[in-house]
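Input: structures, listed below.
Two complexes follow with subunit A in common, the first pairing it with subunit B and the second with subunit C.
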Partner chain A sequence: MPSFTLDGQQVPYEPGDTILRAAWRAGIEIPHYCWHPGLSVAANCRMCLVHIESGRQMAMPILRFDQAKQTYVPDTKPKLMPACQFPAGDDLVVSSTSEVVKTAQQHVQEWLLLNHPVDCPICDQAGECKLQDYWATHDQQMKRKRTEIVHKPKAVRFGPTIVYDAERCISCTRCVRVCDELVGDHVLDSRERGNRSEIFVAPGRELDHRYTLMTEHVCPVGALTSRDFRFKARVWFLKSANGICSGCAKGCNMHVDYDPRSREVERLRPRDNMDVNQFWMCDDGMMSYKAVREDRVLTGLVGRGEARERVAASAALAFAVERLSAVPADKVAFVLSATASTEENAALARLAEAMGSVHLYLAARPDWEGDDILRSADHNPNRAGANLAAGHALEESVEDLVSDLLAGAVGAVVAVGADSAEALEALAPMAALDASVVFASNHGVLSDAASVVVPIASWAESVGTYVNEQGRAQAYRRAVTPPGGVQEGWRAIADLAEALGHGLGVERTEELMPMPAANEAAAAAEVTA
Partner chain B sequence: MTIGVKVLKKPPRTLAEQAYLPETVKGLRLTMSRFFKNTFGPDSEKEIATVKYPEETRVYPERFRGVHRLTQRADGSPRCVACLCCSTACPAQCIHIEPGEYAADDPRAGYERYPKVFVIDELRCISCGYCVEACPCDAIRMDTGVHMPASTHRDHFLYDKETLLSLPGADGSLLTANTRPEPGDADHPGIDRDHH
Partner chain C sequence: MVADYEPILSSRYGVPDAHRLAVAERNGAYATAKKALLTMRPDAIKEEVKKASLRGRGGAGFPAGIKWGFLNPKEGDDIYLVINGDESEPGTFKDRTLLNLDPHRLIEGALITCWAIGAHKAYIYIRGELAHSIAILDAALDEARAKGYVGARPFGKNYPIEIFSHPGAGAYICGEETALLNSLEGRRGEPRLKPPFPAIKGAFGMPTIVNNVETISAVPDIIRMGGETWCNLSRLAPRDGGVRLYGISGHVKKPGVYEAPVGITLRELIDDYGGGMLHDDRPLKAVIPGGSSTPVLRPDRMVEAEAEDHPLHEWHGKSEIDVPMGVDTFRALGTMLGTCCAIVMDSSVNMVDAARNLMRFYRHESCGQCTPCREGSGWLQNTLEEVCEGRGRPEDVALLVDIANNMMGNTICAFAEGTAMPMLGMIQQFHQEFVDAAAAGLPEGYRHDDSTRAGLAGDPADAVADGASTDDTSTDEVTA
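Right, the complex of A and B next:
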């Protein structure tokens, strides 16, 4: 691979790379605001200016302040180039740390902060703001401007998800380019020039496409803030765990940001993975953390409707054993879930095998609207994983379960996950069954129809693997601890199997994975992530 | 090495001292003269080191770090913008804040953030004053000049927003001397370019 010299170091590049992209690939940071690896080059922030020391030098006339003479004297300086736009080439010698570049970086940083309100204490970006970072590394001087800053609109509602503060904006146009290039919806643009420049929404429109939160995600400063996350937490309190989005079969990689003090998930952020989601996530995926907080099954539930009682999780398990023992083992139906992890499905499939039941079904959420960007039409994160756990492609749906129940082929139901495409009315035969056990983290139609509901941990509270539509097994890690008394799904199923006399004999999730290939793929995904 | 011993001579005693009684009477005279002077004498001549706490209290020095208070703006709203700098700085983690946003039709909407909930656990507080140092708005102060009153209930030490806002400083004011232009004031620079 060809290479060039950056600060005395050989940096390899691919043909077509710019200096900044090659440095980014090599893990070297040249300070920048407007450049984003997933977007086109704008070269408007001027923070990435570097000195091309090789080749013919172009000198710029300047006036330099002479301390001895106490006046400005004519001088020259080398012309600097934006690293984000300058193509890398052989024999190129580039400096991003020479004195003249450092001075330029300091001046650009001071310039960007000239009209900034410096309201960091009330800004959600504080703690992960490029302006703060680069002030500390490249500026480090007090504000010299003594006049009032140029005031611009604040807290402008851009749409249902985004609020804009023009005073904090550095007009890097990353948000405009996300809308143009990722979504193909030219809903944002910039207007005015210089210190009056601001971003605005197309007249008659709102920022309401499916990737609006990506504008906030790419914003290097606090100009765009998410209305959902607004004022909710200070980022320096948050810790992060590696997660996989449970929204659809795409399996976007994400950071699960949680507050270790309250043990609550506060937000999700895309985690770069060039093979799956590149740098992005859709709004529905970004909001999917709400399922960890809302509509949860936190205790065992026994009975239905008005007569439903809350019991301890262990008591619910005992009820389940009692009800299931009354039914012949080969007449118990097992419902795997396209929304549950591969491990949970594998535990259930193993129990079915141990009990000698051939009645395996798959519950899945109905399709939603997909698109060509990220969203898969399959609303389920783990259909492939459930099929792998079963050992074959599951054709039988919950609809087939209902007809088998009516025909009397099965007499009991054990399901993992509460989501299914059917309406509760369609599940009447299951709702009349004495022995229908559902392991669920959230309420859904299956848990409503169940006679016994055993609470299990949600995806944020457990480790597991989703296999996405590409067949890529991706592991997610635990972010927060489950609510008191609630176990991880596979462990609760293993406990049930033990009590039924069909112990699975597994102690660790790794032992549950039915296919070593998926394990390796998951491990590989972990390493690359 | 041997230890050096220095023998001290016992002070000699007179016969009157040896007799015990005259010395006792002398001592009692001093005690009783102090008693009558400090109990019935004029205030200016009293030589008493103790105060009758809790009826009387000492005046604390000006920079004494007492019970916290939240300072108010002129319109009675809290100066606090719920930035959580104080709870970040707090080594005892005794400050709990939930930020909120004023509604768009609220006259104070320009402030953006305000504390919906602001609770200090005074039992956990170690009175280090870091919260006062960290506050960018001069919203939290420990200048009330009083220390934490005693109670037998833990709940009584959880000071909520209303309580903290109602406590005056040692000078009796709910405000602070460090005023600044607020949105709506004639000298405020404005919150957007249409409201100069």
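Right, the complex of A and C next:
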């Protein structure tokens, strides 16, 4: 691979790389605001200016104070180049740390804060703001401008999800480019000129496409804030776990940011994965963390409707054992789930096998609207994983289960996950069963139809694996601990198996992850995520 | 005054109704275009323009013949000619005289140039405030179209050429060629990243030649006379050829636009063309040579070019305003010829106040894309306001230099340099004035023109600060 010299170090590059991209790939940071690896080059912030040693001097002079003459005299300086725009090339000797570069960086940094309100104490970006970071690394001086800043609109509602503060904006146009280039919706642009510039929403529009939160995500400062996350948490209190979005079969990689003190998930952020979601997530995916808090099953539930009672999880499990024991083992139907982890599905499939039941079904959410950006029409994160767990493609749906119940082919149901495409009315035969046991983290049609609901941990509270539409098995890690008394799904299922006399003999989640024959390599690589 | 000089470029300025096609044609218009399209190969035309050493009249002074040579169209590419009539640089008012008084010269130049570079379409982008000029040009284009000179078969030749006028919407930055292209395409008028340069990827993504109105208007004469003959009209031939329009404004008796050979001196321009200083008791203090973006010169500063090989050696020891006005000579002098429209300031002018006035303009016009320009132009103005209002500090002079030094070379387009250069130039030339103002504000009674200003409705400074544009007083009077 060809390479160039950056600050005395050899940096390899690929054809078409700019200096900044090559450095970024090599894990070397050249300070930058407007450049984003997933967007076109705007080269407007000028933070990434570097000195190309073979480059020319400026044609027109600058001034230097001559002590002897006690006046200003002409001087020259090298022409600096934006690293985000300048193509990498052999034999280039580049400095991003020389004195002239440092001077340029310091000035850009000072300028960006010149008309900035510096309201970090009330800004949600504080703690992960490039203005703060680069001030500390590249400026460290008091502002020299003495007068009031240029005042601009604040707290402007851009749409249902995003609020804009023009005074904090550094006009880097990342948000404009994310709308133009990722979404293909030219809904944002700059208006006004000079230091009155601001971003605005196209007249007659709102910022309301499917990826609005990506504008906030790419905004390097606190100009765009998410209405959901605003004023909710200080980011330095947050910790992060690697997650996989449960929204659809795309399987976007994400950071699950949680507050370890309250053990609450506060937000999701895309985690870069060039093979899956690149740098992005859709708004529905970004908001999917709400399921960790809302509509949760937190206790065992026994009975239905008005008569439904809350019991301890262990009591619910005992109830389940009692009910299921009354039905012949091979008459028990097992409903795997396209929304549950591969491990949870595998636990259930193993139990079915141990009980000698061949009645496996797959519950799934109905399709939603996909697009050719990220979103898969399959609203389920793990259809492929459920099939993998079953050892074959699950052809029978919940609708088939209802027919089989009516036909008397099966007499009891054990399901993991509460989501299914059917309306509750369509599940009447299941809702009539004495023995219909659902392991669920959240309420859904299946848990509504169940006679016994056993609470289990949500994805944010478990480790597990989803297999996406590409056949990539992607593991996610636990962010927060489950609510008191609630176990991870596979463990609850294993407990049931044990109690039914069909112990699975599994100690760790990993033992449940069947290695896919067809795409072993991809899976092996990803499971270590 | 150049003795016995017969105007060439502005030969029809004195002819009544020369903006009418019939009148212009009686006075020579379109004969050269007809000859060029019907009898000359494009390469031969390009060769003449190269020989003419026609330096771009839009400010940068790039040789037009060489620029045309950068075209390297791919199969299936359309080539465009874009003519820059945005003319918004303070102190610059020459292109509009061509548009107002002799639009057919520009149209003729556009026809020849289109044929030479292989373009079938030309856009003339005109500063929106020049509504009068736009109306005249549009009427001229209509006449040329009706006559068949513009259209499917110019002069009967099977080579369609369409010419469109396009009004700007009131932004100085749209004179920068790539901002102009964005504006032309209906986008926000802000400069593009270069490379690619317009000759490779310009209007609508196609190879494009952008030239100033005056540059294109010079083409018919070059083809009529032959490049070399035209070139040699210049006192600075062969590097900087021909004749050009000189503008002069400020404290002179006869401000206006005058045609003269390339290479007259600022002193000639002021005394011979401008009629000398306006007030006998107020001597010349400084001249901004070519539009507000060019560093100021002082009559009492002498050229220091002792070395034999110094490009200005010939003028060593002479006043800065005795150096011939040329692209290369003025660059060697540390300034630029720019648009060749001088702003003359007499002893009544306080340079700090003049700087503040200029920086108000640049702050208002910066497109705001890049940090150094967006914030630097505003901060320069802000600092100068403080200094002028007596709230300055001694260190403010160094601050102004520091801001301007760091704008230089660090931005997407040359606007920031056009802002920083005059700032640095003023401090270099009038350091003490800045030191004094930083210590104590502007001197008492510095504005000899206060009576004139009082006559204006309201304070123009407020209008600028409010974001409203001040009235544009265009100068149509021209003495050829």
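Side notes on the structure shown:
Convention: the second predicted complex is superposed on the first by the 502 of 529 C-alpha atoms of A that agree within 3 Å, B and C clash if a C-alpha of one lies under 4 Å from a C-alpha of the other, contacts with A are read in each partner's own complex, and residues count from 1 in each chain.
The criterion applied here is as follows: contacts are C-beta pairs under 8 Å (C-beta built on N, C-alpha and C of every residue); 3 or more make two chains touch, one makes a residue touch a chain.
What you are looking at is a predicted structure, and each value in this text was computed from that prediction instead of being measured.
When the two complexes are overlaid on their common chain A, residue A:Trp236 makes contact with subunit B while staying clear of subunit C.
After overlaying the two complexes on the shared chain, residue contacts for A:Gly194 are found with subunit C alone; subunit B is out of touch. When the two complexes are overlaid on their common chain A, residue A:Leu39 makes contact with neither subunit B nor subunit C.
In the superposed model, A:Ile122 makes contact with subunit B only, not with subunit C.
By the touch criterion defined above, A:Pro153 lies against subunit B but remains apart from subunit C after alignment on the C-alpha atoms of chain A. In the superposed three-chain model, the partner touching more residues of subunit A is C, compared with the other of subunit B and subunit C.
Contacts of A:Ala450 after superposition on the shared chain: neither subunit B nor subunit C is touched. Contacts of A:Ala460 after superposition on the shared chain: neither subunit B nor subunit C is touched.
Residues 150 of subunit A lie in contact with subunit B in one complex and with subunit C in the other. Within the complex, the subunit B residues that touch subunit A are 81-85, 88, 99-101, 109-110, 112-113, 136-137, 189-193, 196. Across the complex, subunit C meets subunit A through its residues 171, 173, 188, 190, 193, 331, 334, 336, 363-372, 374-379, 382-383, 386, 398-399, 401-406, 408-412, 417, 421, 424, 427-428, 431, 467.
By the touch criterion given at the top, residues 121-122, 148-155, 230-232, 234, 236-237 of subunit A touch subunit B in their complex.
The touching residues of subunit A, counted against subunit C in their complex, run 41-47, 49, 58-63, 65, 71-74, 77, 79-80, 85, 103-104, 107-108, 111-112, 114-115, 144-147, 150, 170-171, 189-190, 192-197.
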